[in-house]
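Okay, so subunit A shows up in both of these, paired with subunit B first and subunit C after.
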Partner chain A sequence: MFTELNSILNTSPDSFTRGEFILVSDRQSDASFLIHHFLSFYLRARCKVCFLGLAQSFCHYSAVSQRLAKEKGQLVFFEGLKECLSVLTPKENNVESEAMNFLRDPPVGLRSLYEFVRSSVIVSDNMEEGAEQWGPSVLLVDDLSVLLSLGVDVGAVLDFSHYCRALVCSQVQGNMVMLVRCNGEEDDDDDDDDDGDVGSDVLLKGLTHQCNLHLHVQGLPTGYCKDIHGQMEVCWKRRQGDAPHMQKNLFQYKVYDKGASFFARGTSSAVL
Partner chain B sequence: MLHNIDVISSNMAAPVNSVGKTSADRLQVNCTSFQKKTRSKLISIPGTRPSVQNGQLLVSTGVTSLDYLLGGGLAVGTVLLIEEDRFDSYSRMILKYFLAEGVVCRHELFVATAQDNPDEILQELPAPILDDVAVPKPVEQPRLTGEPQDSLDAMKIAWRYQNLPKVQSALASSSRFGHYYDVSKTMEVEIRQAAKCHRFYLPDHITPSSAAHRVESYSALLKSLQEVIHREGFDLVTPMSKSRNILRVGLHSLGSALWGDDLCCHDKPRHSHALTTFLYGLRALLRSSLSVAVVTLPSHLIQDRALMGNITRLCDNAIALESFKGSERETNPLYKDYHGLLYVRQVPHLNCLARQLPDHKDLAFKLKRKQFTIETQIHPGTL
Partner chain C sequence: MLSELLQGIESGGFLIIRDSCRYSGRDLLKSFITAALNREEVIHILCFDVSEEELKDGLKPSDTQRLHIHNAYSDPLGWTGHPNFTVQQFSLEDLTNLVKQTSQPKPAVLVIDSLSWILRHKTPPAVCQTLQQLRKGGAVRAVIGLLHTDMHQRGTVGSVCHLATSLISVAPGVKGKEAVARVTKRSKSGKVMQDEEIFCIAEDFTVTILSKPSHAEHKTNSTEEEQTDPTANLTFNLRLSDSELEAKQKLTLPFVFSKEKKTALLHPGPGSGRILYEPDANDDYDQEDPDDDLDV
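Showing the complex of A and B:
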């Protein structure tokens, strides 16, 4: 958890807005460090977390956070890499993982994956005695662009995120954090619309429209710098009264071994 | 910094008979000042060493300067993507270095090709430059002390040591991290055949005429690799009682038309997800086993840059080679010392938050007889 980011976003594990959809995106950069922040944030806030770890193995996340799921039942971790092998290389006596069956047949869509999320997020009514009472359920997804690479249609991914949002944010009043990774420049000069590029951009636009808070990470416009790893744009969309209110802020950041620091443009320690 | 790594590697040169110990015996590493406390079990496998930065198990790519760029070596469980140069000369060379390093370190190999037979690549492996003779002498002719055989080899003073096998020196070199190779010679047959090598030659598995050829080739490769990993015991779930080894996977020219892919043929390929799905499955296999992969890809044939971005993200390390051969740069005096440019597209940040990006961005390489060097370009005007 990055304390500077908490102060930028004006939240803390003790008090945060519920029912929020936080979109984390990057363009030619890597915003996955923010996913680690939100993972430890919500675990510390004693929320019940459902984590769809599609991009990396469980060891990676636990090695970074170093303190994952010590409490029994707080974290439901879905390891996409492990589950995918049962579908990609099926064996007779292995049970195929239901949630990843879109690998076998991409047009099927992400219904099974949604069912998995639904079963994890909905707290069962008949809990055993002495079970911990967790806070609101939180869904974290790292990352949605992997689904596009695996052949799932953009529309299906948008549907999936919409269903999850309806479930997690509206019904259960929990929070949802999703990571989307994009390629290339925003305004492509090329005439040809490559399916892949258009896909992730369409996905990003669709999700930006749905989200409450958007953190967009990209490299510095001036080029590569060793001390400043990139810039992060924070965009709030709140509804105050009748009018939607949008607020944007730009920060620069540097990722360290155990954390990240954020600072206003031009105030990096390398400069000052 | 390189000096420190050498210190660690000399401490790491564990004799091979310690491999048989159970995992309860942690590797004695007396360089704790460099190493962070990690909870991961350190396995002593020849040809590997823990990373200085995060304690991950690393292997050498066979090219010392490339090891340095990747942060000390290639992490076990990861993929290195090499975007081929136009004629696939230097990318193929790095693949051969990688496989040759595996032979010298006594790792097992898995080579998959669609174009040339894997045996052709194996026959072209460069000869290692070893301090001692590493060829295990054939033992079927026990020497009698009276025989004047090989009088040049006969020891005059230390004759008691005459008949001791020379294999011990091979072990000493196999526990060192990173070796040098002489590309003007090929590896001797005895050394090469001492390594266990699994081959996957696509025409043996798929009949080209079958309609399912397009998407089947990658899944056949994935199945074959998984079967080898499981059968030979590279799974991480295999009990630690037996001695462990590393599987080096070399995949040549993935994405080319010979793999049944039309990524290189069309602007909008029909099965653009076959390769990315394969890479996802490959990552899943590698993360759950003691293996490491090098994949070469003719990226100059792929028009879709966004697709290259997806492919790069599904690999952990990625470099691109651009050779000067045949271009106007070949005669440019600026580049006369080099054979081409090398771009580091991606380095991983596994088990930690931050990437270790190389300090330099302008890198050029040169293939010398005994070394593949990668250096920062020094432009004349900047001196």
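Showing the complex of A and C:
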């Protein structure tokens, strides 16, 4: 968890806005360090976390706290890579989970994946005695663009994120964090681009319309720098009750072994 | 023109608010809803994009008698098995039934948030057909739709916007709370009027038109730049002293003729050379008979 990011976003594990959809995106950069931040943030806030790990295996995210959380039932980790194998190479004894059935038949869409999310997020009423009471449910997805490269249609991914938002943010009043990655340059109206990039751009635009908070990570426009790893644009959509306008802020960041630091443009410790 | 539209949409009118990721048109949509509620109109909202609570947030609670929100947000595709309103129900019969259910005497205004959701699941021709039938049908007095232009191809956006009687494209303004609206209005006689205005929306969703974007501001306001002196800062001298300046001005150039010089050349006076010509016998050359000088 990055304390500087918490102060930028004005949240803490003890008090955060509920019912929010946080979109993390990157363009020709890697924003997955933010997913690590949100994972440890919500685990520390004692929320019940459902993590769709489509890009990496569980070991990638596992710190001691995460492993403990998984054992206690606070963290439900859906390991996309493992489930893929069970669908693609079905063995006799393997009970294959339905969640990844879009691999065999992409037009089917992501309804089964949504059903999996629904079953993890809705807290069952008949809980065992002694089971711990966790806070609001949180859904973390890393990352949605993988679904595009697996052959799922952009519309199906947008429907999936819509249903997850309706379930997690509105019905259960929990939070949702999704990571989307774009490859190409930002184009204005070019229809001549190859289809792969256009798909992820349309997905990003669709998700931007749906989200409450957008963190967009990019490399520095001036090129590579040893001390500053990139810039992050924070965009707050209108929150309920606030005056209707959109607020944007730009920060630069540097990622360390055990954390990341964020600072205003031009105030990096290497410069000052 | 924006304030005229806010005061009322004519019968059979179809207004589209076009927005993009950079600026959401939902606040302007809510301003239209608020204005219509203040005019005691009945409003039906097809709510796809956002939840009912988020849409109602900020609208005055006393007006909810005439405001009917149809929740198509929780289950627009029927995944849960008991959907309230699905996207497949966007057709003339279903919508007419939906509006008639509330049994109000006046025909209602239908607000669609958003058209983009429907366009992702139904083909553009089907959507256009339904919209056109709704306008002519009579169950609905006017239609207002929100369209996210950056989520569709230009052809799709163009086709749907072609049906509209009024179009408002919103974009972020220069200063924080301001936004720019480009309004296009098509009247029944076929006349098209366009205008561009800067506006801002208050917390109670009243719209304040600030000013027209003054294009003069974009031109440089600075006075004409001073003429730069090309003879300054050189390693050689390009300047003329006073006597040199005088001599230069006195100099007459060889092929620049003043009026006097022209008349002197054209009308030679006495004393200038004269040319005397006495034709020789041999010079008598008859054009028609070139062999005239032959002594044959």
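Here is the rule we use: the second predicted complex is superposed on the first by the 252 of 272 C-alpha atoms of A that agree within 3 Å, B and C clash if a C-alpha of one lies under 4 Å from a C-alpha of the other, contacts with A are read in each partner's own complex, and residues count from 1 in each chain.
Criterion: contacts are C-beta pairs under 8 Å (C-beta built on N, C-alpha and C of every residue); 3 or more make two chains touch, one makes a residue touch a chain.
As the structure is a computational prediction, the values presented were derived from the model and not from experiment.
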item	value
Superposed partners subunit B and subunit C on subunit A - clash or fit	fit
Partner chain(s) touched by A:R181 [first = subunit B, second = subunit C, both, neither]	first
Touching partner for A:F51 - first (subunit B), second (subunit C), both, neither	neither
Touched partner set for A:A166, first subunit B, second subunit C, both or neither	second
Winner by number of subunit A residues touched, once subunit B and subunit C are compared	B
Touching partner for A:F41 - first (subunit B), second (subunit C), both, neither	neither
Touching partner for A:F33 - first (subunit B), second (subunit C), both, neither	first
Computed vertex angle (subunit A) for partners subunit B and subunit C, CA, steps of 10°	110
Contacts of A:R111 with subunit B and subunit C, given as first, second, both or neither	second
Subunit B versus subunit C as contact partner of A:G259, first or second or both or neither	first
Which superposed partner A:L85 touches (first subunit B, second subunit C, both, neither)	first
Superposed arrangement (fit on chain A Cα atoms) - minimum subunit B/subunit C Cα distance in Å	17
Common ground on subunit A, meaning residues reached by subunit C in one complex and by subunit B in the other	none
Complex contact set, residues of subunit A against subunit B	28, 30, 33, 36, 56-57, 59-60, 63-64, 81-82, 84-85, 88-89, 103, 106, 145-146, 148-151, 181, 183-184, 192, 194-197, 200, 224, 226, 255-260
Subunit A residues touching subunit C - in the complex, by the definition given at the top	111, 114, 155, 158-159, 162-163, 166, 170-171, 189, 191, 202, 205-206, 208-210, 237-238, 240-241, 243-247
Subunit A contact footprint on subunit C (complex, rising order)	21, 23-24, 27, 49, 51, 53-54, 57, 73-77, 79, 116, 120-121, 148, 150-151, 153-154, 172, 176-177, 201-203, 205
Subunit A partner contacts - residues on subunit B that touch it in the complex	38, 40, 219, 222-223, 226, 267-268, 272-273, 276-277, 280-281, 283-285, 287-288, 304-307, 309-310, 313-314, 349-355, 357, 359, 361
